[in-house]
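After this come two complexes, each holding chain A, first together with chain B and then together with chain C.
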Partner chain A sequence: MSERKTGVYLCSGCGIGEAVNMAALEAVAKSEFKLEPKCHALLCGDEGVGLIRADVEGGVNQVVVGACSSRVMADRFAFNTAMTIRADLREKVIWSHPAGDEDTQMLAEDHIRMALSHAPKVKQAEPWVEGNYSQRICVLGAGVTGLSAAKEAAALGHDVLLVERSSELGGHARLGSKRLPHKPPYDAPAENDLADLIKAVEGNSKITVKTNTTVTKTAGMPGKFAVTLSCGAVEDVGAIIIATGYRPYDPSKLGHLGYGASPDVVTNTQFEEMLKAGKPSRKSNGAAVKSVAFIQCAGSRDPNHLNYCSSVCCATSLKQALEVIHADPTANCYVVYSEMRTPGVAEELYRTAQKAGVIFIKGAVKAVDGDLTVHVADELIGENVPLKGLDMVVLATGMVPNSTNPDAAAQEYGQEQLNADIDPEAPIKVAGYCGEAPATVEKRVQAQPPGGSLLNLQYRQGPHLPVLHDGFADSHYICFPYETRRTGIYTCGPVRRPMDWAEAVEDSQGAVMKAIQAVRSASAGAALHPRVGDLSFPKVNLNQCTKCRRCTVECPFGAIDEDEKEYPQFNATRCRRCGTCMGACPVRTISFDNYSVEMLTTQIKAVKIPDEFSGKPRILIIACENDAIPALDMAAIKRHGWSAHVRILSVRCLGSVSLLCISDALSVGYDGVMLMGCKPGDDYQCHFVKGSAMAAERLSKIGETLKSMMLEPERVAQVEVSIADGERIAGVINTFVDQITAIGFNPFKGF
Partner chain B sequence: MTDKTSRSRTILVVGGGISGITAAVEAAEAGHDVVLIEKTPTLGGRVARMNRYFPKLCHPTCGLEINYQRIKKSSRIKVFTMSSVAAVKGGPGGYTVTVKTQPRYVKPSCTACGDCAAAATSEVANHHNYGMDKVKSAHLPHTMAFPMRYVIDGSVVGTPEGAAIQAACKIGAVDLDEKESSFELEVGAVVWATGWRPYPASNLTMYRYDDLPDVITNVEMERLASPDGPTGGKIVRPSDHAAPKTVALIQCAGSRDLNHLPYCSRVCCLASLKHAAYVREQMADAQVDIYYIDLRAHDKLESFVQRLKRDPQVGFVKSKPARIEPSGAGGGAVVCGENTLTREVYAKNYDLVVLATGMQPSVIEGDMPAMDKDLDAYGFIFPEGEAISAGVASGPLDVSMSVQSATAAALKAIRVASV
Partner chain C sequence: MSTYDLNFARWVYENVDGGDKMALCMQCGTCSGSCPLGAQMDYGPRKLFMMVRAGLKDKVLESNTLWNCVSCYNCVVRCPRQVPVKYVLHSLGTAAVRAGIPAATKSDNARFARAFWWSASKLGRTDERIVTALFYFSYGLSKGFKMAMANLPVALGLVKTKRMHIGAPYMCKNKGELKTILAKAAEIEARHAK
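Presenting the complex of A and B:
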């Protein structure tokens, strides 16, 4: 960056000028920072922005704006050739504190100090761009999902490598009879049009198909993955789509539903093959099937088997029953169910089945005898009913995601691939801080389904894609369902969650969308979700690194490996820029151009700490910018004020908070420190998955540090705050301030 | 980021709910220009009016905030609020779309300082809270509104109050002379993310929504439970503002019914389970009964059903109630019907009854240009047709599935718009 030229612009609009003394704010910039601020009564207006723009054109390359919250007017204060730093004087000062008050004034002045003090340390981020990038997309699995993904990616101009472990394309659909309805009026089984899809893929010159092939090793990062195939070839790809589908739940575990008791007890997938082959006949004696019972939830929704609902079995049974009746209108079909789940427009198929004479029995199956008598505890009549004279029993077995390769043996983790980060529910063991030797990280048993890893990722954190419980890929599955915890690798189809054909096709399109973004962003050195477009990336000074490995273990996205000398090796395009590595580093040697421990501590230290005779405590709140900061803004919009004794430091994620920030704050005389972040654990709300959990884990170690400083442990706390806590957050702050006031002033004050 | 895939025509996304927002940011982040239009004053759509999402019981604004940040950071997305589509000409690859914009009476220069609201004296129905309370005639749609700009109700135009509001704005951002206007857009693809409306509970005459105050709908329940709702998040029955001790949640209020919505709306079961959780969280002694035909919780959402089933104060009654009657005294309502499992005929009094009304496609309201060939019998824009639909415009979906549908829609739009 050329020589730094900082311009300071203060807005007195929205009542700021009436509530605080602007001249005193200007004086802070002038006397303490030797900067000449420009003041305007409507800085976000055309004239105000024009004033800044003129300076930017005149060479100002850093703009410090003291006005409203950075959550608003971001577009107005964005300049091409200058970076912008915001100091909030509106939401977190005058909207949340009384006008004309001495404490409000001190707060406003401190906000200016925080912004200006760290401004000289913030650099314009320069992206990491090095060597060649591949725009090619690798699709794993060539069932309906994978074939569709390949076709879609190729249609948008990307070369595709389609890898299929079996000898043929098509997956389960190849063996299937008809499809579930997917077009209006949604009321009848639809033709299996897999052949068209296969033809489109085979005829596409942009798609390279590799059958009888698996991936044996995947190294690298988005834009630069090196995928080693079982044939020995090493292929360069930019992003990876996992479309490995599902396997039917192992029916041998369904003895209680009669599987194994008779050859005429089959699974829904086996029955599908029989329907495809023509009119089904009994396996035992070849007789025509005149009477079939379909038993729902065979393995699904059962704590002894699969906890979840496999979503498609109800509709599939209806479809199969209709196919039976279509082939032989005199056939009897029974569906034994606990809840008939035909959501959305699938209700029409249910209606068709009812009209076609399918008999529905609500109840639980108690036993299936060798002669195919099904004993049902019928809920409607309240007694056990034997269903006799059946020719066939079809178990609607559930779907197990192929999050692993069932053909391959599970890999043992090497010492260098400690599986620290697979289980999102368990906090990672973190060693004590402040430079002592790290404790050994225990290898934990993880909840992967049997089988080898699909990609065999050569990542420090292990070869697998992290999964949530039930074996589906971990993601923010409500708002951002495609975001896995391995950047540039996306899942779609039934490996992501149970779904039918039409939905899997749509899902593949979504995953391709993400893969295209991944290859584009990688080659530009830009971050992906949620810090989309961020050009900064973690930089490490290896001279200071103690090889403690906390950064490599704690990264929620497995972005950091270790080199042969055990130094951390950052893979820039895997990084999501949360700063968890920075918060983990005990020697603060990891930083971003625009974000560092030093920038944070500079802001912390910039605040003027009044002496103990003033009666004014100072409490530091370190708040997550994604949820806690917006919640504070919401409180401010509603004018729910909080104590003017707190100073709020906004961070990318609590994961980026180093304990050194906290000990620094206490050593300069803050009386208390509170961390505000998102919900950790199973139903985590942290956008970076583990940030708040990591912060809590680190904080649990701070007691020793506080003790050695002769400080009360109650001076430091972490609270869980959600973005919707605008009504509650002021009270949370004030309660903490009261607690700290009761403890008394920090004895370090003034030293 | 400039390279070959950015050579495409602009993509128009109609509807600024979670699906439209998702389609817009996903397309923009792949290097395409997007115009996002929304007919109300703020983005966020239906999800912005929900308290929490099932099954995590997390807040919709959390994901919306990230999406808004993505819009703010993107130079490729233009947002027009108060705007809807008046006419569409052309076809895939080249559409001419006429967009109609209703007056907001507040210019884009608004800083959201609130001076106009302070000057306003009259009150209007609060759209954010489904009209359950009132707001000043000059108001911020809600605290998470994006864009963060006030809106002024047309009723004050030409009144002394309007003049006072206009005078209160120090920066001249109030313009009561604004008129409905329209403009034309040349776009390569259109994504219909027009969403849904709650099926009108008034149509279910046997459930007496119109005349029994303590019979409310599921979307109203969301607002009652929201910290920024009409009661500050306190669940109360409307008749006397008392905390309900007994609550009935009636499933399939309109859905799976040939006289109303023939399809299953997919989300209502889980929404009601969530409402049971809201009630139980607030009131330790409350009893909640869920009246259902089938409890439909697909995939991992099943764990949410199991969680509620473990609560002894949440009852499950397999029955579609026949009717709701007035309670003898002291508010509430009587739910009447026959239990399908026990064959018992019941008439049970509840303090509060919540109708799980289904989702009906917004295009039903008739303010969209027709796309007859791509509409199914219910008004959903069939996902495999020529028109590109996202989210509930394509069928009854939950939020996660809507995001999935919208991400796919972004891809389809890019394919159509690419030259």
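Presenting the complex of A and C:
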């Protein structure tokens, strides 16, 4: 960067000017930082932004804006040739603290100091771009989901490599009869239009289809994946979409529902094939099927089998019953259920089935005899009634995600590895914190699907894609559904969660959008989810590196490997820019252009610490920008004020907080430090998966250090907050401030 | 233990007045909760409907639910699925009588209905004395006599206040036409039953 020229702009709008003394804020910038601030009553307005833009055109390349929270007006204060640093005077000052108060004024001045002090250290981020990037997208699995994904990606101009394990395209849909309704009025089974989809894919020159093929090895990173196929070919792809779908739950485990007792007890998948073949007939004697009982939740929502609801079996049974009745209007269809679950428009199909005379019986199936007598404890009548004279019993079995390849042998790391870095009880293997061995904690027992990995990832975390409990690929159900724990690899369709045909098609579109974002961002050197577009990138000064391997072990995304000399080697595009490596590094040699331990400690030290006679403690809150900062902003918007003695430092993730930040804070006289981050563990909310867990792990080691400094361990705490904690967060802060006040002032104050 | 009659529900859906709508019953229980006579019934309408689906034919047709409905229409008005509950119950009652279910044919309501119908169809009018007499003596001579005696003071009171007349029963003017009308109605009903 050419010579740094910093402009400071203060906004007195939104009541800031009335609540704090603007002249005193200007004086801070002038006297302490030798910068001439410009004040405006409406900085985000055209005139205010014009004021800044004129300066940027005049050569200012760093803009410090003292106005509202960095979470709002980001587009207004974004300039092409200048980077922007924000100092929050609104949400975290005047909206959360009393106007005209001495403490509020001190807080506002400290916010200006924190922003201006580290501004000289911040550099314009330079992206990491090296060599060639592939824009091609690999889709694994050619069922409905995979075919749709391939079609969509090709339609958006990307080459597609479609890999299918079996010899034919279409997956389960190929063997299915009609499909669930997907068009208004959603009240009748629809035609199976798989052939159209297959034709569209096969006829597309952008799509390369490989049947009878599996992936044997995947190396590289987004934009630069090298996928080895079972035929021996090595293909370059930029992103990978997993659309391996599901397999039906193994019915041989459903002996209690009569499977195996009679050939006429079949699963819904088998019955679907019979419907596809024509009018179903009894397997035992070939007679036409006149009365059928569908048993719902066969092995689903049952802790001994599948814990979850597969969400489509109810609608599928309705569809199959309607097909039976359409073929033979005199046929009797029974649906034995505990709860009918017809999400969304499937309710219309339910109504159609009711009108058509399908009989619904609510209750638990006690037994199914070999002569097809179904014993039901009818809940609505309150009696045990046998259902006699049936021709066929259909078990509505659920979906088991193909998170692994069930046909392949388990891989080296096996089932333990599948979940090793998500299990909340699993010790986080940190190399040598204070010389302690990682604690061994009993692991939670989790059933994992057997089989080999889908991609055989050449990652240090092992060959598997991490899965959640129940074996579905790990992703955030609502906020980032397609992201897996491996950057540039996305899941969609029933491998992600149980879903029907129409949902899978939509899901594939979502995953395609993410995959395209992945290949395009990778080649631009920009970060993907959740710091989308971030051009900064961790840089390591190898001269100082002690080869301790903490960064390589702790990176949640396998972005750091070791080279032959055991120095860290970055797989750049796997990186999500959380800074966990930076927080891990004991010699502070990993930093970003615009984010480093030094920048954090500079901000911490910029705060003026009043002496102990003032009666004003200072407490540092290190808050995660993903959840804690928005929650604080929300509390401020609702005017839930908190103590004006706290100073809030925003970080990318608690994982990026080095213990040095905490010891620095205590040694310059802060009376307490609180880390605010997301929920760790099995149902983690951390945007970087392990960051908050890592912070907790590091913090558990700090007690000894504090004792050696003759400080109370209670001065440092970590709390979990979620983005919805706006109502609670002020109370959390105030309680901590009271605790610290009760302990007393930090004896290091003033040294 | 009862057995599901696999064809009963289908038969009800197709042959009972309102039965096709009954297939839409979602077992919310609004009918049973709204019924002022619910406490007098063997089963509320909700449970009865479920028993129909289950195929508990005998229990359904023997139940007093069919006879205790007073046609207040609370259930019909309130049913979220527009099931005409009252019509279904009455129609099931008719079905029970036609099926010769003893509990149905011998119920108080069936006896009264028969007495009422005799008077209405033969005379074109319902005469209280004839209807009550037919009703009482349908229980047999001695029980009928006892019932009549027990109600004698009421009858005398009615006569005294000129609420009941003494003399020949009222009749409609042209019984021949009535007969033709009823014959036509029976013909239409028979046609619909097929």
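By our rule, the second predicted complex is superposed on the first by the 649 of 751 C-alpha atoms of A that agree within 3 Å, B and C clash if a C-alpha of one lies under 4 Å from a C-alpha of the other, contacts with A are read in each partner's own complex, and residues count from 1 in each chain.
Note that a residue touches a chain if its C-beta (ideal position, glycine included) is under 8 Å from a C-beta of that chain, and two chains touch if they have at least 3 such contacts.
Treat the numbers as computed from the prediction; the structure is a model and nothing was measured.
After overlaying the two complexes on the shared chain, residue contacts for A:17 are found with neither chain B nor chain C.
Contacts of A:385 after superposition: chain C is touched, whereas chain B is not reached. In the superposition on chain A, A:641 makes contact with neither chain B nor chain C.
Applying the stated contact rule after C-alpha superposition, one finds that A:357 touches chain C and leaves chain B untouched. In the superposed model, A:723 lies in contact with chain B only, and not with chain C.
Of the two partner chains placed around the shared chain by superposition, chain B is the only one that A:44 touches, whereas chain C remains out of contact. Applying the stated contact rule after C-alpha superposition, one finds that A:471 touches neither chain B nor chain C. Contacts of A:516 after superposition: chain B is touched, whereas chain C is not reached. Of the two partner chains placed around the shared chain by superposition, neither chain B nor chain C is touched by A:451.
Taking chain A as the reference, the larger set of touched residues comes from B, when chain B and chain C are compared.
Looking at chain A, you'll find residues 351, 362, 380 touch chain B in one structure and chain C in the other. Residues of chain A touching chain B in their complex: 13-15, 42, 44-46, 68, 71-75, 152, 155-157, 182-186, 300-301, 307-311, 339-348, 351, 362, 379-380, 382, 468, 470, 472, 476-482, 497-499, 502-503, 506-507, 509-510, 512-514, 516-517, 520-521, 524, 526, 529-530, 532-533, 626-627, 630, 634, 637-638, 678-679, 683, 685, 687, 722-728.
Residues of chain B that touch chain A in their complex: 1, 3-5, 18, 25-26, 29-31, 51, 53, 55-59, 61-63, 65-67, 69-70, 72-74, 109, 111-113, 140, 143-144, 148, 170-171, 226-228, 232-233, 256, 262-266, 294-303, 306, 318, 340-342, 376-378, 380, 382-384, 395-397, 399-401, 403-405, 407-408, 410-412, 414-415, 418. Taken together, the chain A residues at the contact with chain C in this complex read 291, 332, 351, 354-357, 359-362, 378, 380-381, 383-390. For chain C in complex with chain A, the touching residues are 1-4, 6-7, 9-10, 13, 20, 23-24, 26-27, 46-47, 50-51, 53-54, 56.
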